[in-house]
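In the two assemblies presented below, subunit A is common to both, partnered first by subunit B and then by subunit C.
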Partner chain A sequence: MSKKIWYYLRKTAIFIAGVFILTLVVFFISRLAPIDPLQSYYGERVEKMSVEEKNIARDRLGLNEPVFTQYFKWLDNAFHGDFGISYKYKQDALELIGERIGNTLILGGIGFIIIFLGSLGLGLWCARRENSLFDRIVCKLGTILSCVPEFWLALVLILVFCVMLRILPSSGAYSVTAANESGLAALGDRIAHLILPLTVVVLEHLWYYAYIVRNKCLEEIRADYVLLGRAIGLTKRRVVYRHCLRNLMPSYLSIMAIAVPHILGGTYIVETVFSYPGIGSLAYESARFADYNMLMLLCVLTGIVVIFFNMLAQILNEHIDPRIRAEQTVSGRRTADFRQEPK
Partner chain B sequence: MKKKNRLPIASLVILGLIVLGCLMADMISVKDPSYLDLANYTKAPSKEFIFGTDTLGRDIFSCIWHGGRVSILIGLFATLISTFIAVVYGSVSGMASDFIDTIMMRITEIILSIPSLLIIIFLQAILGASNILSISIVIGVTSWCSIAKLVRTEVRQLRKSEYIIASKSMGGGFFFILFHHLLPNFMSSVMFMIVMNIRSAIVTESTLSFIGLGLPLEIISWGSMLSNAEKALMTNAWWIILIPGVFLVAVLLCVSDLGNWLRGRLNPTDKKV
Partner chain C sequence: MGNILEIKNLSVKIPAHGGTVSAVRDVSLELKKGETLAIVGESGCGKSMLCKSIMKLLPERAVIESGQIIVNGTDITGLSDREMTKLRGQLFSYVFQDPLSALDPTMTIGRQIAESILIHQRNLGKEEILARINELLTLVGIKNPEERSRLHSYELSGGMRQRCVLAIVLASNPRILLADEPTTALDVTIQAQILDLLKDIQKKRNMSTVLVSHDMGVVARVADRVAIMYAGKIVETGTAEDIFYSPAHPYTQGLLKSLPINSRGKDVLETIPGMPPSLMRLPKGDAFACRNPKALPIDFIEEPPMFKISDSHFAASWTLDKRYKNSNLE
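Up next, the complex of A and B:
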């Protein structure tokens, strides 16, 4: 038992160290950037400001202090839940993210659920009909889709559905007029705005994970217990869904844990293309205009999510297959096996 | 039921044709790709402009070949940089003592955990105005981690071989051993990742240029050609969006086909698509 506590303590320590180093790196890199943060604070007006005025403004924002002092101040404030204001929006950074994160969570969350269930279903379906026409079509289509950059897929969809057919809205999360509509109409409007971004998020990832499921399932189908099951008269369908699925599930879960940050990264680009008001478009803006506090907070948040899910996957893996843990002590770690094909 | 791992001839031919076209861009394209023909902007494909013109009046047919040069060059150059870093880092980590090895691998894990798009946006902001060199460097220095891990695993297995111990005991330096003994041995197993890296470098470049953080509009690449797609959308000019994208996707498909073939050759039991 105490061994288990130690194990989780160690994991927590690594997690905290990871987040800490992340903040350090992001902070120093952002301060080295030659963009003037005053530009994001004052916009165009900065051109007309004199040197003294700029200096006073810098002093007020605490930008004239040594970088180390700035970092420790930031860290100190962050521990008290104060992440500073966004220079661009002149609003508390945490609040601003709070307003927008819901949109990202809806897009990413629904996308993730569809990918999770869809790729499982599609993978099993294909595995049951290995080398059939359907299987081959899905595999070919998947290979092609996995090579299509997200932003281009988004563009083509906008071109077809918004410009040529004019049936779906091309940007934003809701229409301007939606505010004074009744509940149901507003919901419909929201869904209409969600369809295209969601399609891009799902199509980009669905195939990749379905393919992993398919191959894992094919390995299972060649196992002896499937032959036994067939011999005692179970249908192939029953064997696959009742027995193979159960064996697949643990490794699928750990793959999906790693998928979370990938899908999150995907929504960032999709949000930018569709000008969807989530934290992805916010991240792009803040990097562009040196909105330091905003950028720090977003990097820390994203970093936490990524580190957390990677560790979750690792823990899942170690539980499924204790050999991985043993191997770690012998020859270092091998968690990144799933990542071998860069996405 | 296993399929034979055949050389992807179709992909090689298509890739070869596109690369050849880009190399001979000056001969193929009749028009100057950077000439802004204001009388003929947003023209649909016709006899004069085979692929039409974009919103600035540039001939897309010429832009494709000249832009392809830039896109493919960035893909290759970024991969060269990341491969170099990965090989050196991975080998050092593989040959070092366990303690240093663990630290070095932890570092790669932390780097892998930062969303790469954010680092790239960052570095891009630091380097300021972007050109072909700077964007290759940015993409190169952010995408070496997964190759480095593979290199390390391979080196770890090789380091105990007699010939390396012999080389060491005869006074062979680190780089001597790296280039004479390690590199020839692990290159074949790392090759497919390098090819896949070219693919992701091209994708990254085009994505960055598209959202306006990469190459500016004046430097023509397949990504920057798409960056004024917004205007094209308003005028329903499908050719501005579809044509560069089709070329982009075709190259990516061929490259990844090649990568899969290399991987299949490496591990014959692996089932292929």
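Up next, the complex of A and C:
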């Protein structure tokens, strides 16, 4: 039991170290980038400011200090829960993100669930019917769609559904009037606003992951255990869903865990095109106009998500595929003692 | 004793890039109840294809061109996959060359056996299933079945894995066992154990076995009857005595001559010259003729039919033709 605690302690330590290194890298890269943070603080007024005024403003924002001092100050404040204000919105960065993160979670979360289940279903379906017409259409169409850039697809959808057909809203997360409406109508309004961004997010990724599932599954279908399963009287369907699925799940989970940041990154672009008020559009603005505090916080948050999901994938893998666990214990410092249970 | 399995003029073809592979050519065989029939031949001569076509587990592109497969008097050649699925396991089952890849690496042995039990007996309680698993593992000679059934395939040795595959296969109590080189991937001492186990179980369960092998030593140990296969064709069949003591086909003679024991005291091992022909471009006449130092002119023109030597012994070689024998006498 204590071994398990050690295991999770080690994982946590790696996690914290990872996040720490991330803050370091992002901090220095953003400070080295040739953008003037005053632009985001003063907007266009910055062009009319004299050098002296700019210097005073920099002093006030603490931007004239050496980068290391700035970093340690930021780190110190961050430990106390203070991530600074957004230069652009002059508001606490954390609060601002708190207001918007829900929208991103809804878009990304629903998108991810659809992609996760959809890819699995579609991939297995194709694998069971290798080289059938359906399989070929899905593969070709998928290749084409995943090569189309997200912003372009988004613009085409806006053109078709918002400009030509006028059946869906083109931007935002809800209508301005929605606040006055009753619960159900407001929900409908939200869904209407979600359809297009969600379609782009899903269409961009679904095929790609379905294709991975298909190929992995075909690899598994060629394995001898499938033949044995068939030989003892299992149907092909059952062998695929019971054995092949189990065998491809570890690699699928790790792929999907790594897909989380991908899909998240995708939502950032989609949010920008659809002016969807999530953290994606915030991230875009903060990087574009050097809104340092906001950028740092968003990078750290995104980084936490990435590192967390990678570790989650690993833990899940070890749980599902016992070979990984065995290899680790055999090759690691601890010897394989899992077989010598006294009995 | 009646025939439990009869194959009549079976031909299997696989379309491939640049031609069609004739994997099985006009094969006729029968398997009696309770006997062990060994199919012997070099790699790539169509032994595995023959077995897979009996269970209709051929690759999707492969086609049974002609012929019949008759099990217990019923023709199963035209059955759909769904109907075949019902027969598989109970009527016949298949043991593979490589037991590691034949086991699902993510499932414990016990669960895989349980799965096999449950296919054909749906309404068993948990206790009954556990008892059956232990019984099966004991049958295949695994000690401490309760503990072992909780292991995964990678935690077992090669011989143990093959025993587990056997347990999975035997769970559904098949009448015919198709064993496709079951000992090739194992080391020699384990081979003997597994062969003895197969023989033992066969007797206990009154099963019929088709044993595919390229190892004459293995065959001599367990087979009642032997069929020699060359380039997709059966070239000689007979009882084990017929084949080992009076081989009639030059290929069989070559195989027996190339057993290491016959090269004792010599510097080099006896071999059959040349390579088996590609099943995509078969030569005219007897496929073995070009490797046969004593080939007759007619071997290059026409394929020899099966000649009857005795009630149990048949071979396809022109040397058995009356005309050839007569010409030799003159």
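Convention: the second predicted complex is superposed on the first by the 279 of 343 C-alpha atoms of A that agree within 3 Å, B and C clash if a C-alpha of one lies under 4 Å from a C-alpha of the other, contacts with A are read in each partner's own complex, and residues count from 1 in each chain.
By our rule, a contact is a pair of C-beta atoms (placed from the backbone, for glycine too) under 8 Å apart; a residue touches a chain by one contact, two chains touch by 3 or more.
Predicted, not measured: the structure shown is a model, and the values here were computed from it.
> State whether A:C299 touches subunit B only (first), subunit C only (second), both chains, or neither.
First partner only.
> Just checking: does A:W152 make contact with subunit B only, subunit C only, both, or neither of them? Give me first, second, both or neither.
first
> In the superposed model, does subunit B or subunit C contact more residues of subunit A?
If we count touched residues of subunit A for both partners, the winner is B.
> Quick one: is A:I29 in contact with subunit B, with subunit C, with both, or with neither? Answer first, second, both or neither.
Only subunit B; A:I29 stays clear of subunit C.
> Which holds for A:I5: it touches subunit B only (first), subunit C only (second), both, or neither?
neither
> Does subunit B (first) or subunit C (second) touch A:L165, or do both, or does neither?
neither
> Check subunit A for residues that touch subunit B in one structure and subunit C in the other, and list them.
130, 339, 343
> Residues of subunit B touching subunit A in their complex?
1, 98, 101-102, 105, 109-110, 112-118, 121-123, 125-126, 128, 143, 146, 149-150, 152-153, 156, 193, 196-197, 199-200, 203, 206-207, 210-211, 213, 226, 229, 233-234, 236, 238, 241-242, 245, 248-249, 252-253, 256-257, 271, 273
> For subunit C, which residues are in contact with subunit A within the complex?
Residue positions touching the partner: 55, 57, 60, 81-82, 85-90, 93-94, 96, 98, 101-107, 115-116, 119-120, 147, 151-152, 154-155, 165, 168-169, 171-172.
> Show me the residue ranges of subunit A that touch subunit C in the complex, using the header's touch definition.
The touching residues are 130, 223-225, 227-236, 242-243, 246-247, 320-323, 326, 339, 343.
> Okay, in this complex, where on subunit A does subunit B touch?
On the subunit A side, the touching residues are 18, 21-22, 25-26, 29-30, 32-35, 130-131, 139-140, 142-144, 146-152, 155-156, 158-159, 162-164, 170, 211, 215, 218, 261, 264-265, 268-269, 272-273, 283-284, 287-288, 290, 298-299, 302-303, 306-307, 310, 331-336, 339-343.
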